[in-house]
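There are structures below to look over.
Consider the two complexes below, in which chain A is the common component and chain B and chain C are the respective partners.
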Partner chain A sequence: MTATLRRRHPARPWLAAAAGGLVLVIAAAVWHLTLGAVQVPAGEVISVLTGHASTPGEMIVADIRLPRVLVALAVGAALAAAGVVMQGVTGNPLAAPDLLGVTAGASFAVVLALTVVPRLAEVSTVALALCGAAAAGCAVLALAGRSKGSGLRENRLILGGVTVSALLLSLTQGLIIFHENNAESVVYWLVGGVNLSQWREAWTILPVALAGIAGCLAMASRLNVLALGEEMARSLGQRVALVRLCGAALVILISGACVAVAGPIGFVGLVVPHMARRLVGSDHVRLLPVSALFGGALLVLADAVSHFVNPPNEVPAGVVTALLGAPYFVWLARRDRKSA
Partner chain B sequence: MTAIAPSPSPASTAASHRTARGRWYLAAAGLAVVVTAYSLTVASVPLPFGDVVDALTGRADDALSRLIWDYQIPRIILCWAVGAGLGASGAVLQSVIRNPLASPDVLGVTRGAGVTALFVVLILPATPLSLLPVAALAGGVTVTVVVYTLAYRGGTTPIRLALVGVAASACCEAVIRFLLMRYPQNVNGSLIWLAGSFFGRTWQTVAITVPWVVVCLPVVVFLGRRLDVMGLGDPMAVGLGERAEGTRRLAIAVAVVLASGAVAAAGTLSFVSLIAPHIARRLIGGRMAALTPMAAAVGVLLTLGADTLGRGISPPLEIPAGLITAVIGAPYFLYLLMRTGR
Partner chain C sequence: MKFSTLRPAAIALLLVISLAACGGTAGSTGSQGAAGLAGGAGDGAGGGAGQCGKTERTIAHALGTTTVTGDPSRVVVTEFSFADGAGLLGVRPVGVADDSDRNRIIQPIRERLGDYTSLGLRKSPSLPVIASLRPDLIIIDAKRNADIYPQLSAMAPTIALTSQEGDLAANIAAMRVLGQALNRCAEMEKAVTGLQDKLASIKTRIDGLPAKPKALFAVAADKTFSAHNGAAFVPSVLSAIGLEPALPADQSQPQADMGLETLVATAPEAMFIANYTPQNPITAWRANKLFTGIPAVASNRLFSVDPDVWARNRGVTAAEMVAEQAADLLLNAK
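Presenting the complex of A and B:
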């Protein structure tokens, strides 16, 4: 019963966890910036970060590696925050953008546009990804809402979401096979990663991610009220439907933007909130920033580790997050006591 | 489709059930023959039916008979074997676990078999092809045992078992992605295999797959009556002289063997083993002795149909059969999900 004990004293470790997360983010980013075909010493990396880039190594860091790390940081942090919001809004501990079909929907929409109407794709991949994310998310929620029993809390929601994801990924794969037999692009849209990111991607994702995380933080106290239960929240004067709608909109915004720049990256939104909850308890005001920090650190580390998967080639970080996250999902699925 | 709903008169019910079943069997067999014949004519260039008949009777020129005998026929035999294996295996698992959502793919057997098969293909390329089903089997069995153990807490519920199965599948999927990235020499081939496809299968694959199905299918059909007894509930079954736990384990084992063999031959052909038994149950009812063969027949029709469609939609490009079964099967699974449990 350590869990109840931890919940009784949630206040102590939260500042330590936040500080630890911040240190971890910086250390991971610096380590990542030293890695690659050319090893750049950490000292030079730091001098780049403080604004001087003169040697070739420093130029490489500033022009090639820094945007990649920034994208990883932004995507990881935003996805983790989206995971917290999704779990809070649905009241379902297994909810996450990739498990409810949202990322797969975004990915499918982008690929559909790229293969069928390429001119549309040139306009804005972000907008397309947002449309796909919204459509898939709404479809899964509607399915769960129509089934017998109490909808969102149930594992049926997750099974439905996973099935919709599988279907959409199959369709994506089919579209790509139809269009061009290019394994690299198949892999990119089935397993996301940040290894192709440049400054353009970084400038696309950074504002969206910051806005998204800020939105999530603004919802934190409302999510706390909702966590007391729908009835209780309503009697405390909360407009539950509105909170849910805002949460869903935030999740869709974040996942759509993340897919548009980095492809579908799995399990960050599922795993990080749970780890953070173990550290700081379930108060969303603390949980959200800590999750965002750890999510950013996790994706930067995953991207760094992916250098070692098949050197000298670089592989998508999504492979590493899937390898780490999927066993955790098994464990959560087994542990969950609300099983029907 | 001449079957007439059985008359409600109690005296004639059993007999008319039997004739209705017989009609459905006949219809399925007839349909299978028609689809097979049509499938023979679908290739990257359409083959006129007359030419196919000529080739089969040995009167066609060399190139055409090579095309028919070396490419079309092994593929179709493989469709039969894989479809029958998947359909029967799904029927048995659903009956034994008493779970309408059970099937080799939902329980993770398919992905587990995929992991070990891919492992062998990519990391130990010197392994003889005949060992591929054995490798797939090892993976399938391991994942089944793990999923069942993890989902067992003084019994299992349909939804929990399916959830743990999905989670285990995700885990295997992660390993598969890792393998594909680590050994990218053959990514395209592996991806097509993972989608479930009969592309480029030869007599060699037929030779290593068909024996598994030929041995296991009769066992499953024979087990049908004992499974029907078990359907009365364990105490009743034991009272009637049935060794319930032993029969259950045997049935699960044979079903997993069938599914793993199918995966080794055609990759992860999703949803066939889930929906074939449901369709069969709609047609002829839930008695296992009759259901298993029908589920196998529906599985054959689905697989053969998907493969033929995949070849025929936009030749010379081939759509993997697994994509087509996924498009048909996923919505059906969602429909089942909405109806199941509470």
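Presenting the complex of A and C:
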């Protein structure tokens, strides 16, 4: 089947999609770097990219805008790759870190620390988010249970994920409202955003995102085998449980780190793999890098667009990804229903 | 196939365009409202003042007109500034929405209040508790509590006044309406005159500064930095004592989230920050040399202030304390 997929999607379109993604990433990043409260001439933006930052405008690009773009790029790319892996290991096209409770778990852990034990948040937001993501992921898997074989029950997995997500999201909101009475913080912890990202966040997320995406790529061929169905994968000698465990670990690592630096940004992990699949087909070797590129570009673009929502004030990029993602997903669902 | 791949892109593009269009309108309204800050204290004194002394008073307020009979004694309020106003007139509210935390009410107001029943959160006060108190007057925030106005009106005469969304002038106008409702107009006028005299005397202290800094007030929470412009309460108090707001008044949006770049571009010469949480954008920005280059930070005029006094309480007592503290901080920082 993998071979058929490759035949249906010969090499050229996938290379074109990858190149297109790369061009989109670069264009989005450069456009983003020129946006902001302070007008910085394009020449100064380019001179920052070549390593100079001396004028006030150049310093703004180097110390405020560049880390923000890098965080958006890393988070978007990593979440999209995590989405592909999540869909691959669960065999469910609706799976995504934010639909399976992992993101909500990470947010809840961070907010719990921020509101109840502020000292804990100083230790490591990333570690907290990872623990929250892992706990929520395990809870969802436990709720889903196992079918007669050892496969996951897909419907129960989604139901469990939605339930755990809803519970954790409302607990998170409750914590913030009762602690702070501050609506703006609720917005951040509901949708996420990179508008407060600085170099510290960039240095936190970049290594994790690179390692995470590399890990996803390393799993690509195994995901292809798993896509043939559990029985077939097993008969081909694959250790299905191990592949799923590795996939889940990667997703938890990526979502935890992303929530720690950018909050629970939604829809990227769900929508981008679907978009990419329509361009390059289901072969994970192609799907993963193209998804990562488009995911990065989408979040950079979303954050750039957020400049125009209410200038010169900040709107979290998560608002924009939800605005773009939700209608796309509705369209996708309607189309699939028609074709079914 | 080609068409179906193009459609999501078209939907996305449409959304982007509509978002950009929304942004354009949101940005172009506003910044028309600095008027009325200085002279505004006199607003609202006219119309209803004649109601005082009557047994049956018709009170015009933000959400309509309400008839209040006699001298209300079982008063319920959903904002700290209303509790302050009632307390100044010698009326102790029986119920106060205090976010379930007595300590959020600043000390002088708390002392005047004595014992009261908590109504829970200011944003969503408990209706059963309000009903159980059998109030004869309910005072709510015109914006935050507008949705429960009909239910409360069925329980007792209810008046909706400005607190959170109003500047100093609007809050003083609200105090005057409160005075009419409680049938104590003269006492309220005395409290307002007292505040105006106090602000004027603090202004003469500020006049002693060699250069009066453009001041920015903001509230910092864990992931938000909400800057208040000239149309908000604290900046209008600061401008009453002669400190020009670093952000001009925008009536459509008195408070808005701000990023470091906008803060750098605003270049305030003094910053008063109310921290809701120990970790907030300010703590993260301190390592950034663009932040340390902001005039207020470079000249040691970045002040951390009490969020209860500066952000959560408004009204006469809070205005006096804000003005006093601002003057002390600036004069001592010299």
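What we mean here is this: the second predicted complex is superposed on the first by the 312 of 340 C-alpha atoms of A that agree within 3 Å, B and C clash if a C-alpha of one lies under 4 Å from a C-alpha of the other, contacts with A are read in each partner's own complex, and residues count from 1 in each chain.
In this section, a contact is a pair of C-beta atoms (placed from the backbone, for glycine too) under 8 Å apart; a residue touches a chain by one contact, two chains touch by 3 or more.
Just so we're clear, the structure is a prediction, and the values are computed from it rather than from any experiment.
Peer 1: Once the structures are superposed on A, label A:Ala37 by its partner contacts, choosing first (chain B), second (chain C), both or neither.
Peer 2: Once the two structures are laid over each other on A, A:Ala37 reaches chain C alone.
Peer 1: Per the contact definition in the header, classify A:Asn313: touching chain B only (first), chain C only (second), both, or neither.
Peer 2: After superposition on chain A, A:Asn313 lies in contact with both partners, chain B and chain C.
Peer 1: Touch test for A:Ala72: chain B only (first), chain C only (second), both, or neither?
Peer 2: A:Ala72: touches no partner chain.
Peer 1: Just checking: does A:Val48 make contact with chain B only, chain C only, both, or neither of them? Give me first, second, both or neither.
Peer 2: neither
Peer 1: I'd like to know which partner A:Val290 touches here: chain B for first, chain C for second, both or neither.
Peer 2: Neither chain B nor chain C is touched by A:Val290.
Peer 1: Per the contact definition in the header, classify A:Leu206: touching chain B only (first), chain C only (second), both, or neither.
Peer 2: In the superposition, A:Leu206 contacts neither chain B nor chain C.
Peer 1: According to the stated criteria, A:Pro327 is in contact with first (chain B), second (chain C), both, or neither; which is it?
Peer 2: A:Pro327 sits against chain B and chain C alike.
Peer 1: Have a look at where A:Ser170 lands relative to chain B and chain C in the superposition and call it first, second, both or neither.
Peer 2: first
Peer 1: Show me the chain A residues, by the header's touch rule, that chain B contacts in one structure and chain C contacts in the other.
Peer 2: Common interface on chain A, chain B vs chain C: 177-178, 181, 309-310, 313, 315, 323, 327, 332.
Peer 1: Of all residues in chain B, which touch chain A in the complex?
Peer 2: Within the complex, chain B touches chain A at residues 101, 150-151, 157, 159-160, 162-164, 166-168, 170-171, 173-175, 177-178, 180-184, 187-188, 191-192, 195, 270, 314, 317, 319-320, 322-323, 326-327, 330-331, 333-334, 337-342.
Peer 1: Please give the residue numbers of chain A that touch chain B in the complex, ascending.
Peer 2: For this pair, the touching residues of chain A are 143, 146-149, 154-156, 158-160, 162-164, 166-167, 170-171, 173-174, 177-178, 181, 183, 186-187, 191, 309-310, 313, 315-316, 318-319, 322-323, 325-327, 329-330, 332-334, 336, 339-340.
Peer 1: Mind pulling up the chain A residues that touch chain C in the complex?
Peer 2: Per the stated touch rule, the residues are 36-38, 59-60, 63-65, 114, 118, 121-122, 177-178, 180-182, 184-185, 188-189, 195-196, 198, 200, 263, 275, 278-279, 305, 307-315, 320, 323-324, 327-328, 331-332, 335.
Peer 1: So in the complex, which bits of chain C are touching chain A?
Peer 2: Those residues of chain C that touch chain A are 4-5, 7-8, 11-12, 15-16, 19-20, 22-24, 26-27, 99-100, 121-123, 221-226, 253, 256-262, 264-265, 276-279, 281, 284-285, 287-290.
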